[in-house]
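Take a look at these structures.
Shared chain: chain A. Partners: chain B in the first complex, chain C in the second.
What follows is the complex of A and B.
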């Protein structure tokens, strides 16, 4: 009995941690951000408001999933290691303190893709199950 | 006079003090009112700002669009009226602008005005706080009140200038006028006054003093003339009196008249005025000495004139053959006075108290009569006192069937006869301001009788003087003519 409980707990932890850091379907989109490859740590920094201008002097526009985004919580936990609500609170604090430009909240992948394609300096993360390459998609190292 | 002793300074001081007493509480009151109004205004403004900020945040969270919040924060960043704006959640600072962190002390700082608004969203629940510094209000208050401070300084300076002007144009002329009045009071009419133009108080005062000076000079001239006249008249009167004195003293007998009758004698003769109502008279006749000491009614000039009538009468009576005793002498004298009154030479009240004696040195027979006078004789250290008739010379005794009487004594060697008018015993003086009276006089005579008569005169004179002036602060004047005469047998 004790063994079965421990096994269950172990499996739950393993699977849940895997779920939080599941980058499999995570895609990064960036328009004129001055780079094509980005590692996960830098990506986290970017989405926590540490960058306001890209290296090519284009202003950084952070695009975040809104509450209507179906897998918003999963996405923010993966990329920013915060729940979606905590991310919103975090950004509310940043904007309130004037430390970052306001991010753009969008409801779904299509709106995000369209916004990225239309705005230079914009960067976003999405969860996309499709295997095809998207326009302005960056490589996650 | 020092400037702080002037009325101008006192008025300035009183008004200045009242001004300060009134203005200081008023200033404090209005300053507090202004502060309260300003702080209320700031509080209201910041309450509104807090409400707007919380609405912006709520809307931003609801719309999931932080653009509005970003713009709002950019806008308020340009306004420095607030100290910080913060979102407080569960008593902890969630976010703060422009400071990134604020301490506990800053949250509860009493120098700040706090405005807050509730914040209720699905994302955050707490309150939004905006703070303003009271110091900024104080600075604003100071700026508002700056003109009033300048006004107060200008008022104080103006009052000082006003005081200086009033000193120059009021106090100094008044002091000058006071000085002039003092000089005029000292009869210094050379003091310089000029007539002033204008009708103000100073000019009126000055011109009044000018008129006063002119009038005083005029009155002084008149007064000097009067004084000169009076002095002339006084000198004339004194000359007349002195001459009268010489005449009166010429009727007094020389001492050598007495050499054949007494061993020695003294005459203490002190008229109250220049001339006297007292006089003494002596005539030797048929180996006897006729002597009288008279005190005429009144003193001074009337007394002296009466004494001349008395002297004339005494000479006349003494020349009559039938005079064989002092009583006859007195009754004849009385007849003379009655006739003089009847002829209108004397008034009804004019009379003289007197003592008259006839002395025959061989037999030492001493016959005396008198009108309201006493004779004192000291014999062997004892005093013998004799009264005379209480009749007034000039009264008609026929009506009351009275006449002057005589007393005859046989004197002994070394007897001393004292005759005197009432001027000595009636003199006021001593510590209590009373009359000298007979008991003191008797004692005095007993005290001095063994001394030579010339010394007795001096002692009696000194005693009377010290009695009169015993009260040094308010000595008595001599009230009547004084005569004391002593004969040693």
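What follows is the complex of A and C.
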């Protein structure tokens, strides 16, 4: 009995910490990245630096929210399942290793949208409450 | 070359790279320490200014990137000396496959590949003991690299470079250091790696690609072949952090034949939250009776510590540790016994 209760409590803690994040207003923008749909698992891998080149042979440019981006922590927790601080540390380490090119940090949605539209191979996630479709917006599966 | 010339070159380099390409990042890394050590005779305490490192990374053209690391560190007549720690070009020739040319950190084990001298990323204050003995820290040469391949995120590094006897501008004979390593990352934060390095040192001298000068056996000046096999297991990005670095190093000489040496470093930490990580470490190195490349030694180090990550760019580590020797190997010289207390502040800007 005691073992069952402990098991239940353990599982509750484990699964509650992995609760689903809110993707409602998350949008993915990608310019010439070679696909139009992307699933959440692949998106996480992309933003953790696992892709250097897209399938169309264009170099990947990762765009991340800077510390001035108003909902940076919420965004990185949703997409990368890490706080914004841990995401920055992770990327700093990856760049220091020499295994990835530095990501581009931008302050707000407008700057991110402009950057994506101007740079082939660039990919970003944003939180956007407006319902209208953006240029270069990808579908999250 | 004096410091003024080095600074001028660095400023010019950064200016050229900055103007030629927007996707360029420049960081500074540094650290400061306070250390107290107590042995049977003395107690010493001092502050020290650690390495300060200018790091430049970015694209030169599409698929070709540059990474440079220029360090000012303790040593030399003025107390500090400049050093080019890394300068390499990387060409992304196909998907996640790369060709690298230049001076790099040898991908022989996890620590050297991932942290090298980036104190901000170190889990403990000091490197494993083996870094002061056998590890071929830098390589100047050519390398094929692959990463994040397949479901297990397989990676490889094949490298031919100047050997440990060479410097960054010259070498002796036609001897190269050959390095092969493979790794997998079966889940986020985990990396399992095996590395092999072979090097022939015609006169058993130390060039600029190893840090074992103080433990080097200067009395032996004949040829020596050094083969090293490293096995690393790392798990970070989770509550329990683990890093184990095992290596066996086999040196071969005409004088005493084969010498088989062992070393293992273990770090275990528990991440309480984003900021706090208490940890312990256990590290030993046993150099064989027949060893001639380095001085024979039986070295042990263990300790407890605490890491405080203020934010991604700065952290503070405390460490209490004891140096000594493993029991039961009376035929080997023992590392001097002492206790140390250390504080290290590491940062990036």
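In this section, the second predicted complex is superposed on the first by the 121 of 141 C-alpha atoms of A that agree within 3 Å, B and C clash if a C-alpha of one lies under 4 Å from a C-alpha of the other, contacts with A are read in each partner's own complex, and residues count from 1 in each chain.
The working rule: contacts are C-beta pairs under 8 Å (C-beta built on N, C-alpha and C of every residue); 3 or more make two chains touch, one makes a residue touch a chain.
Note that this is a predicted model, so its numbers are computed, not measured.
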Superposition on chain A - do chain B and chain C clash or fit: clash
Touched partner set for A:111, first chain B, second chain C, both or neither: neither
Partner chain in contact with A:27 - chain B first, chain C second, else both or neither: neither
Partner chain(s) touched by A:89 [first = chain B, second = chain C, both, neither]: both
First, second, both or neither for A:98, with chain B first and chain C second: both
Partner, of chain C and chain B, that touches more residues belonging to chain A: C
Which of chain B and chain C A:77 touches, first, second, both or neither: neither
Where chain C runs into chain B (options 45-53, 153-161 or 225-233): 45-53
Residues of chain A that lie at the interface with chain B and also at the interface with chain C: 85, 88-89, 92-93, 95-98, 101-102, 104
Complex interface listing, chain A residues touching chain C: 45, 48, 50-53, 59, 61, 82-83, 85-86, 88-90, 92-93, 95-99, 101-102, 104
Touching residues (chain side chain A, partner chain B) in the complex: 66-67, 85, 88-89, 91-93, 95-98, 101-105
Complex interface listing, chain B residues touching chain A: 57, 60-61, 64-67, 69-70, 73-74, 77, 87, 94-98, 100, 123-124
Residue ranges of chain C touching chain A (in the complex, touch as defined): 23-25, 27, 29, 55, 57-59, 62-63, 65, 67, 86, 88, 90, 92, 94-96, 98, 104-105, 113-114, 118, 120-121, 147-148, 153, 188, 237, 274, 309, 311-313, 348
